[in-house]
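Shared between the two complexes below is chain A, which pairs with chain B and chain C, respectively.
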Partner chain A sequence: MSIFQYNGSAVVAMVGKNCFAIASDRRLGVQLQTIATDFQRISKIHDHLFIGLSGLATDVQTLEGYQRLVFRHKLYQLREERDMKPETFASLVSAILYEKRFGPYLCQPVIAGLGEDDKPFICTMDSIGAKELAKDFVVSGTASESLYGASEAMYKPDMEADELFETISQALLSSVDRDCLSGWGGHVYVVTPNEIKERILKGRMD
Partner chain B sequence: MECVFGLVGNGFAIVAADTSAVHSILVHKNNEDKIMVLDSHKLIAASGEPGDRVQFTEYVQKNVSLYQFRNGIPLTTAAAANFTRGELATALRKNPYSVNILMAGYDKEAGASLYYIDYIATLHKVDKGAFGYGSYFSLSTMDRHYRSDMSVEEAIELVDKCILEIRSRLVIAPPNFVIKIVDKDGAREHAWRQSVQDVTTASV
Partner chain C sequence: MGDSQYSFSLTTFSPSGKLVQIEHALTAVGSGQTSLGIKASNGVVIATEKKLPSILVDEASVQKIQNLTPNIGVVYSGMGPDFRVLVRKSRKQAEQYLRLYKEPIPVTQLVRETATVIQEFTQSGGVRPFGVSLLVAGYDDKGPQLYQVDPSGSYFSWKASAMGKNVSNAKTFLEKRYTEDMELDDAIHTAILTLKEGFEGEVSSKNIEIGKIGADKVFRVLTPAEIDDYLAEVE
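Right, the complex of A and B next:
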């Protein structure tokens, strides 16, 4: 089993009309054994910028919760007295990951944010920081192949926040149901210029 | 075949660990205490490579004491767990410690808590956790019988059910277990469950 599949994960982000949604599963496993069903994979960097990390849980925690990303953004906020733009943050994450080119963090980030003029921005990258910009959706994790299929089928451009929530939730749940390493519910953030709606999904709990 | 498991009850947390010190096919001793008292209100139950287990848990214990000396107040359980995770994470890509840890603690504000920290520094706050081959039996037993506000007696009953399951279903099951508890009155040893006592030749 590859080290990327050690803990199991699924993350997806989609673009809507002046809004975006980012969702992840909630399972924390150790290969076949489930340890917890409330693992946080998505972190808020600032009100209009979220990052979800799939892959090895320890590296997810090192990057997201603890050091590296939230810390670096806080320093940026102190120096620049403003929030980071999503494109800038994506470049920062890419640089941080490439620093460890020959001993990488074993994660694949999904970054979603509202940029200038509240234009939604999403991107993903591999574990050494190769950015992939997209106009519609990005996926990562052990369920990524199912997520690609489900998102491609369900996605429409310019969806409003409520429809986007429905779409991303259905895409996530149907994909993780086909992957034994991810699932146990979902965690969805739908972000518009004025508010962040956080919702927990209850899917097949197995 | 080291078995460590624990759960959180109503204002307390309980951890149990087996007490065999094994080297290949030889059992060195049957009463090795693998649950270290970190400070007055914290326990650390560790399983894994014996040298790493002792070295790393002692290192954490000394650093927790040092914090208290320097700052005059003890660390919270969450802070101690995050410190432990940080040390494991830093060592992970240099000279990793092969130690799995369940950290149980009681704080006035947060109440009783249990943290699962595995050897690659994955940290998670849990209501019940287990490591080792015994986890396949103890986690399932706890999933079936656990409720979120168990009394000490009910929790001990559940721990005994888990020990019984491990003893009857694990092929080289450890014979003895130690159970420690942490609540508002502190961290202390609660009971031993022994089916084999250490015997010296003199007494035979």
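Right, the complex of A and C next:
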């Protein structure tokens, strides 16, 4: 089994009308055994910028919560007295991942944010920092193939926040149902210029 | 950095609480050629005397005003070779920021990082402080900005400032002439008049240098022909 499939994960982000949604599953497994059903894969960098990481759980935690990314952004905020733009943050993540080119962090980030004039920005990258921008949706994790299919089928451009929430939730739940390593519910953030709505989804608990 | 006899810092405190080497560095700056900067409502201008040691020097090969990035320029008073070193270090820092964030470095950040380098040379063993004060002119998302950095590493934001030989006359002149809503062309005229104040001899496009940046966010040094045009307007 590949090391990227050791813990199991599913992350997806979608662009709406002046808003974005980012969602992940909640399972933390050690190969076939589920050991947690409330694992945080998505971190808030600032009010209009979120990052979700799929892949090896220890690297997810190291990059997001404890080290590198939140830490770097806090320093940036103190020095420059402003929040990082999503494009800038994506360049930073790409540089951090490439620093470890020959011993990489085993995760794939999904970055979603509202840029200038509240224009939504999403991107994903591989574990060594190759950026992939998209206008509609980005996916990552063990369930990525199902997520590609479900998102492609369900996505429409310029959805409002509520419809976007429905779409991303349905895409996530139906995809993780086809993947034994991810699931046990969903965690969805829908972000508009004025508020962040965080919701937990109850799906098939297997 | 040499043997142990020279591994102490030259900038050790004097009993009166001063760092004597920095005071001497400021003296070196104060005997350098005059330079000045003015922040207008829609841009920044920096200018300096360009007095060459002999008429045989090819003045076109000497450029005192330099770009640090496409939208940030710098001029100095003091020791030319020290300036060259600082320009090189600042350019590298700006490029490193660009490589990391894929975004041009804000003026305040570049000034801060350059000032940090200058300060390091006041607290290390076996080195001496830089004998230059810098005037950094830039235009970024926060608008036009003008900063002065001293040999101690302290930096200040100015609406208009001068450094070098004629500093007190120049600053008095600028205080009288400066207005908040000045536009870039007015500022260039005022800069020329300020240089003329303490100039020994006749000001011409061959013995002054002017750099400007406007809302187009491109810093450039004026050609001698352009300086001649402005000089004609000032007369």
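Keep this in mind: the second predicted complex is superposed on the first by the 206 of 206 C-alpha atoms of A that agree within 3 Å, B and C clash if a C-alpha of one lies under 4 Å from a C-alpha of the other, contacts with A are read in each partner's own complex, and residues count from 1 in each chain.
The rule is short, and it goes like this: a contact is a pair of C-beta atoms (placed from the backbone, for glycine too) under 8 Å apart; a residue touches a chain by one contact, two chains touch by 3 or more.
Predicted model only: the values in this text are computed from it and were never measured.
Engineer: Once both complexes are superposed via chain A, do chain B and chain C end up clashing or fitting?
Structural biologist: fit
Engineer: Scan A:87 for contacts with chain B and chain C and give back first, second, both or neither.
Structural biologist: second
Engineer: Taking the superposition on A as described, I'd like to know which of chain B and chain C A:196 touches: first, second, both or neither.
Structural biologist: Neither: A:196 stays clear of chain B and chain C.
Engineer: Kindly classify A:36 by the partners it touches after superposition: chain B alone (first), chain C alone (second), both, or neither?
Structural biologist: The answer is first: A:36 touches chain B but not chain C.
Engineer: Looking at A:153 after the superposition, I want to know if it touches chain B, chain C, both of them or none. Which is it: first, second, both, neither?
Structural biologist: Once the two structures are laid over each other on A, A:153 reaches no partner at all.
Engineer: Is A:130 touching the first partner chain B, the second partner chain C, both, or neither of them?
Structural biologist: Touch status of A:130: no partner.
Engineer: Quick one: classify A:79 as touching chain B (first), chain C (second), both or neither.
Structural biologist: After superposition on chain A, A:79 lies in contact with chain C alone.
Engineer: Chain A residues in contact: does chain B have more, or chain C?
Structural biologist: In the superposed model, B touches more residues of chain A.
Engineer: Take the Cα centre of chain A as the vertex and report the angle out to the centres of chain B and chain C, nearest 10 degrees.
Structural biologist: 110
Engineer: Of all C-alpha distances between chain B and chain C after superposition, which is the least, in Å?
Structural biologist: 24
Engineer: Starting from the residues of chain A touching chain B, keep only those that also touch chain C in the other complex, and list them.
Structural biologist: No residue of chain A touches both chain B and chain C.
Engineer: Mind listing the chain C positions that touch chain A in their complex?
Structural biologist: 99-103, 106, 108-109, 112
Engineer: Which positions of chain A touch chain C when the two form their complex?
Structural biologist: So the residues of chain A touching chain C come out as 79-80, 85, 87-88, 91-92, 95.
Engineer: Once bound in the complex, which stretches of chain A touch chain B?
Structural biologist: 7, 28, 30, 33, 35-36, 39, 56-58, 61-62, 66, 103
Engineer: Quick check: in the complex, which residue numbers of chain B touch chain A?
Structural biologist: 82, 85-86, 89, 92-93, 116, 118, 120-124, 126, 129, 135-136, 139
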